[in-house]
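Lettered A, B and C in written order, each chain numbered from 1.
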């Protein structure tokens, strides 16, 4: 990590998150840029809960969200400035900002969906991430008030809590594609799948009945999508070793599972799963298809044909801050109280 | 009148062909305009083909569309004939509008094409009206308005969306965000980064898609159409796209950089879809090239037809003003002196 | 020009007001053709701000009597779109002054579509709107703007001066495949007269009507000024024989009827509430000059609003609004 003299928090707000077709096809809530800016302002305010003054570095973006955020931060008791970087208006911006933060930040706050978090995780290294959900059906980030998230980040950055104890090491997934089309690798954070649909289209996974197979690095029924389907059969915590491999069938047979799951916001389905087994870190899980699309974290990413897709789960992902744990420890350590706890009693 | 199932291989080939047809039509129109063959203004759709074809493919033949000043692509996507379109560009009698409309006003109401439009933002109210008509007659039809990012700043666009949303009309509002309103970048015209956020004000779904990917447009419009037909009201779709040519032919384009143009050209909706089809084994490279050649030939034939087609008779200038005959037209037409010194003979004054 | 159905002065008539005549015209046409519908601000629940459409909502339901938001550009545009796709809308613009916010759809879409598309679309829309001062509504609710629309190619403009003309012309307007602007002077809604009750009764658009025959001087009037001119003619009856014509149709204009009258009387006054300069008067006068110059015995006179807006204060309003007294004075000057 970088400069220890001033506790530093990086802020990444993705202006493109939360605007996909699931606003039409499911019950996804809207996350407009005005709301994102308001949330991000709360994050900056939250930083002031920490005992030391925080330096906040904000990613600039093509929509001027970050720029406006910094411009309006005069009355916040923190050193707020813009990260010096080139703006491309693409997901590259997020990765470039995260890469810089990996050198200089003690904690980053990410406002975005699973896609944004995946982009951050590829370059953020070991810097703890506080993830606020502004995206659509999010598995990794949490819907939480910006002030609370900012306060958690401030506490982590000022080192008043034990970072190991308040973070979870999230897993990742990689898909290696060997096919007539689409060969190469695609990476994901929480879920990856193979969809029987000929094109990327509007990107979002709309119909889970099109899944042929996939793998997840975590699983729980409250997680919307593939990890929620798997989680209905067996759960897997984000920091558990390995993950789950999945195969889907047309109908229930002897060794199949029929799962009720929340598949898209606002949509509950019965899903037939022919296989859902624990896979070790690094263990290949292969699914093949004539023509389909590889998905990562709920989005269609690559069209493939005549392909064998091998998913592998890795345990060495980003450090995700568990927000309640931060505050529990802060209380236990008397960080938030103006007087030592003993004297108060 | 066109409807293409892009989920099938035949549909994919047809969608590709139609995009190529637009590209070839507009390439040819641009050249003919530069050569002084075509009068007036032409605004080319090159680069935006995926939006028009993807959207019209997802519509049913009886559905309505309204278009913009950049309307050639919408016409071809809706199934209008390049030959009659080219004749219209030339101002010939056999053109879609008998030579009275030109590039900016091609229409074929019977095919559901309610007209290209020279007024930015004028199409959405018309689409709302067509949707109102369909709803009142309980017809299985929707109306889709194509309009540009520039039009999102027009008041009547918002009025049209408000009406359609309030009355749950079967309408689809599709913004082609080609990044420039004439010569001014989109960010200098709007406070919203995502124009689709406009929808929130009207409590209807709004989202942004990659307009360079025909499959994304197709899927989005298909879903919006289903919503419309279920009586759930309109949808607002923003398709991010780019016009590879200037606002009009002859535009010196001081407002943008070559690098940006090249970056977007690398995402050409036709080339990228063609290569996806080749990768997937739907077509071979040779088949793509022969399709392109076939399309170029069709457009060349259309241009040749248009060049040789008959000019309208000057007296036709007085036709089509009204459904009925109005005495004023006869009276005043009689006073017009022809370039050749003659005067109309069909008057009774 | 004539409509499909000719004039049928049926035997049975009923005394009704202009307001009732307009309402009956709409009711009959909505009964006759299910593609006809009415939309506008407060036309349904409220019954129209001037009570013109009262009762239609109950008879036809809210699908065909649609209350709109206050959004003239939007709903007039929607009317144009609906007309192009097989409906026959009647759009009410509460005050013609509000046309300012809906001109785009009128001048560039409604008026031009048929022509631009080579005749390949119909535009059967009727726009009803109110005009005229006299009720202290001030400048933004009192204008007389019909000249703009009569001037604009592609639009038909009518402005009736009697209950019978209101009913007959509105029915023709609704049946017309062309866009028709129907201008209602709000001060004559209460004026009553005999109106044919035959549902097939219509009046052809493009024909003026001689309301009173005379030999000495012709007053060509519109709307409220038809009644004012008839009153002036009545008052002068012992001295002069005044012919009064209700112009009825602004475009197309019935050149024949007005020229015939000029040839008979040699003296013409044109009375119309639009501002005088570049007004309807000017076109009427031009037609007379072009076609009847040698029949003129005196320069024609124009009576209208003297190029001001309509002021609020009743004393000021009265000053600028033309009336029977102005017509009488003009007749005196000419004879």
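By definition in this document, a contact is a pair of C-beta atoms (placed from the backbone, for glycine too) under 8 Å apart; a residue touches a chain by one contact, two chains touch by 3 or more.
Please read all numbers here as calculations on a predicted model, not as lab measurements.
Contacts with chain A and chain C are shared by B.
The chain with its Cα centroid farthest from the Cα centroid of chain C is A. Summed over C-beta pairs in contact, the chain pair with the top total is B-C. Averaging Cα coordinates per chain and for the whole protein, the chain whose average falls nearest the overall one is B.
The geometric centre of chain A is 67 Å away from that of chain C, both derived from CA atoms. Centroid to centroid, with C-alpha atoms defining each point, chain B and chain C lie 38 Å apart. Across the assembly, chain A contributes no residue that touches 2 or more other chains. Residues of chain A that touch chain B in their complex: 15-16, 19-25, 30, 32-33, 62-65, 180-182, 198-203, 206, 291, 303, 305-306. Residues 64, 66, 95-101, 105, 107-110, 114-115, 117-119, 122, 124-134, 136-137, 143, 155-156, 158-160, 162-163, 166-167, 319-328, 331 of chain B touch chain C in their complex.
Residue ranges of chain C in contact with chain B, taken from their complex: 1-3, 35, 37, 63-64, 66, 68-69, 71, 73-87, 89, 104-105, 108-109, 113-123, 153-154, 156, 176-178, 206, 251-253, 255.
Residues 6-7, 12, 187, 192-194, 196-197, 199-200, 205-210, 213, 215-216, 218-220, 223-224, 227, 235, 276, 279-281 of chain B are the ones touching chain A in the complex.
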